[in-house]
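There are two complexes below, and they share chain A, which is joined by chain B in the first and by chain C in the second.
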Partner chain A sequence: MTWTELGIVALRVILTFGLLLVVTIINVWAERKIVADMQSRIGPSRAGPFGVLQTVADGLKLFFKESITPRKAELGLYTLAPFLAVIPAFLIFMMVPWGAPVTVGDEVVPLQGADLNIGLLFILAMSSMAVYAVVLAGWSSGSKYPLLGGVRATAQAISYEAAMGLAMVSVVVFTATQGDGGTLSLSEIVARQGGNWGDVAPIFSIVPRWNLVPQLVAFVIFLVAIVAETNRAPFDLVEAEQELVGGYHTEYSGMRFAMFFLAEYINIFSMSAIAATLFLGGWNGPTFDGALPGLVSAALPTVWFLLKTYVIVFIFFWLRATLPRLRYDQLMTLGWKGLIPAALAWIALSAVIFGFRQFGPPWS
Partner chain B sequence: MGVVSDFLKALKVTARIMVGTMTGSELVTTPYPDEKRVKPQRFHGRHVLNRYPDGMEKCIGCELCAGVCPADCIYVRGKENDPHNPISPGERYGYVYEINMLRCIFCGLCVEACPTEAITMTHLFEFSTTNRADAVYTREELLMDREGRVPHMFPDDPLVDLSELDTADGWVRATAPSGIAAYEGVKMWQGTPGPADWSPEPTQEEIDRRSEDG
Partner chain C sequence: MVELALFALMGLGALAGAVTVVMARNPVYSAMGLLATLLSVAVLYVVQLAHLVAAVQVIVYAGAVLTLFLFVIMLIGVDQVVDTDERLRYQRPLVGGVAGLIILFAAALTMLGDFDWVPPATVMNPDATNGTVEAVAVPLFTDWVLAFEATALLLTVAAAGAIALAAYRRRRV
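Our next item is the complex of A and B:
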């Protein structure tokens, strides 16, 4: 590896990291503003224009607050848990391609933290890691409410991760029929969603070749599962304020709490980004090459990506402002009796259909 | 499919309210320090100790307010009046009078218990402090001066509207006792050296009419 290559890799990681931090700061504000609007309130409005800097102000405040450690806490794990929450959150987003590859000199640089060929598996692994943070935070706090939150987190994460993974599998099954062999790399999955559905029937040439069209069921399942996976309302039983004070982070304060908070919002964004990548065609979109200045055309894929992601992020906020929290048994019922069977049936169905289309019926 | 249609209906409600709030038609809150709402006439704000028109203190140090306070935040010690130079018209006066505003729940029971209307409430609620000791209001901070002006701990605080203290014993002065209908529109307690002359409370019909007009 030459120095140039190393520099490019470092730059990619730093850019991805920076993008993630900036959108997270904006997301926290956006959520407060949108939820406020949905509740007939004004929302943050004083720090900076429209209150955009509210997150920065809150972050600084948390930074200077004391980090309290309960007397009964298991110090090592208690300190480790916030890091366990933040690091996987950052790593997940590193897999997501957030723009079309750009050509610098004679190098083609993918706009993505790291292009692993097992991208999807890595995402699943990391999102399971994030659960450890919640469980360990809950257990190591040495206090009853965090413990209950942690126990709930375990059950919830296991149930919904299955549904999430199964929804991903049907995308992988479908993607395999779209090109040369199967793939788990997100950049490849995005690349195979370029173009339109014109080859199915001419009338479909206006419909972009997103996985959303053939995989609508998987998309809905995935959407529900990521809301549960990020512990957001209406599935926020892990931190149910009314029952569990703050859930797993009840005993955390100051910077450590800020890290959990950061991780939650990073997860919302990266899960939405993954949904956009898997189902909504990622950064694919018209770039109007030639009609627009070159730099604008080059930036457009990133704009498309952010736009699609924000549609899903908005759905997160919308759900939070609309739905009451599910009861625990309802949560489990939905997961095990609803989503997982549906996802399994859908995989079987799409495997059969797309297998037929690809290879023809077995008796021929 | 009832669940799904209910779900979509709920989403529609929040979306409608969001658009309404953005265009201003659904917005119900105000940007507080820039724009303050009109408070109800009987708003429970910080307390004040009143005087009679001749400058005598109304408080007779009976400790009934301290006894009734559910938050146990009033501390009163009465002291015998000097017969030749009395501070209150009673036998005793409130020699020590403290209210811990951190504990007070602004229920107004002390106002109801007081036999002489000595303690009443104002409209001021901006009195946050940076330490606990400042939140204990003493006699010096509660007692109005002979002109009827109420002292305030932080007169320079930009949030504080000192004119809200002028409402001092307003509502007690102008309210019919015990809500008996026959007293409607009658001006009762009056003539204390408060800065404003209060008209009686509006009658029930007037209040109804106003709320109908919006």
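Our next item is the complex of A and C:
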């Protein structure tokens, strides 16, 4: 590996990291503003135009606040837990291609942190690592509410991770019929969603070739699962204020609390980005055949990607402003008796249908 | 060079984790030591270009099995005083002696060198630099599909049996 290659890799990672941070700062503000609008309030309006700088102000405030450590806390794990929350959150987004590959000199540079052959498995691995932060934060605080919140969060995350993984499986099975062999790499899954459905019937040539069309059921399951996985309303039992104060981060304050908060918003964005990548075609979109100036058309795929991701992020905020919280038994019933059987049935059904289309009937 | 540095770093991490598992007073810290060992070994797999094995290691062992351990430790409660009275008389020196012998043997082998129990890999697939899912999946679902499905069935039966045993209540006579 030459120094140029190393530099390009470093630049990719830093760009991805920077994009994630900027987007997260905007998201925190956007959520407050959107929810305020839906509830006929004004929302943040003082810091900067439309209150955009509110997040920066809050971040600075949290940075300078005292970090209180409860006397009964297990100091080592209590300090470690916020880091365990943030690191997987960043690593998950490293797998997501956020733009079309760019040609620099004679090298093709994919715009994503790392294009792994095992991309989807890496995402699942990291999201199961994120559970540790919650468990350890809840346990090490040495207090009852955080412990209950931590146990709840773990049970919820494990249950809905299964549904999320199964929804991904049906996408992988479908993607395998769309090209030469199966793949788990996110850049390849995006590349196979270019074009339109014109080959099925001429009338479908206006419909983009997104996985959303044949995998609508999996998309719905995935969407519900990621909302539950990120502990957002209506599945935010983990931090149900009326029952648990703040859940697993009750005892945290200052910068340590800010890290949990940051991890939650990063997870919202990266899960939405993964949904956009798997089902909505990632950075694919109209290119206008070079009618636009060079720089604009180079940035266009990233614009499409962000647009699609923000549609899903908006759904997250919309749900929070609309739906009341589920009861705990309803949550578990929905997960184990609703989503997981539905996902399994859908995998079997879609595997049979697309296998039939690909290979013909088994008796032929 | 990078490979050697990574190996040294992750090997040390794995050893430190393993020592923590045994030495920690609090079982939760033991579980965290096990996590450190599992993750270090996963990185070693990546260095060996076995990306799939690394991912499976993290998902299955670090993600599922260890979370279960942690759950059990936390819910049972670790605050009770554990009886740490020594009831082993000669086991400790015995283990120490055997370990010393093994270390001496390994050191002698390394010093004297000339052995090839594990012949060095001669053929390396230059295309397999970015993961090996296909290399594992194709034999698994063609040559070994019967064994694979039989194992899956066995695991399902075992899980169902465990649930049945746990839910079974003897009726009062």
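One rule holds for everything that comes next: the second predicted complex is superposed on the first by the 364 of 364 C-alpha atoms of A that agree within 3 Å, B and C clash if a C-alpha of one lies under 4 Å from a C-alpha of the other, contacts with A are read in each partner's own complex, and residues count from 1 in each chain.
Just so it is clear, contacts are C-beta pairs under 8 Å (C-beta built on N, C-alpha and C of every residue); 3 or more make two chains touch, one makes a residue touch a chain.
Everything quoted here is computed from the prediction, not taken from an experiment.
*Asks:* Taking the superposition as given, does A:Leu77 touch the first partner, chain B, the second, chain C, both, or neither?
*Replies:* second
*Asks:* Considering only touches as defined above, state whether A:Leu184 meets chain B (first), chain C (second), both or neither.
*Replies:* So A:Leu184 only meets chain C here.
*Asks:* Does chain A have more residues touched by chain B or by chain C?
*Replies:* C
*Asks:* May I ask you to decide whether A:Ser297 touches chain B, chain C, both, or neither, giving the answer as first, second, both or neither?
*Replies:* neither
*Asks:* In the superposed arrangement, which partner chain does A:Trp318 touch: chain B (first), chain C (second), both, or neither?
*Replies:* first
*Asks:* A:Leu116 contacts which: chain B (first), chain C (second), both, neither?
*Replies:* second
*Asks:* Tell me which partner A:Asp37 touches in the superposition: chain B (first), chain C (second), both or neither.
*Replies:* A:Asp37 sits against chain B, while chain C stays out of touch.
*Asks:* Counting contacts the way the document defines them, which residues of chain A are shared by the two interfaces, the one with chain B and the one with chain C?
*Replies:* none
*Asks:* Using the touch rule from the top, collect the residues of chain C that touch chain A in their complex.
*Replies:* 26, 28-29, 32, 35, 51-52, 55-56, 58-59, 62-64, 67, 70-71, 74-75, 130-134, 137
*Asks:* Quick check on the complex: what are the chain A residues that touch chain B?
*Replies:* For chain A paired with chain B, touching residues are 34, 36-42, 45, 318, 321-323.
*Asks:* Which residues, counting only chain A, touch chain C once they are in their complex?
*Replies:* Residues 74, 76-77, 115-118, 121-122, 124-125, 128-129, 131-132, 135-136, 139-140, 147, 151, 154, 158, 181-182, 184 of chain A touch chain C in their complex.
*Asks:* Once bound in the complex, which stretches of chain B touch chain A?
*Replies:* Residues in contact with chain A: 7, 10-11, 13-15, 17-18, 20-22, 26-31.
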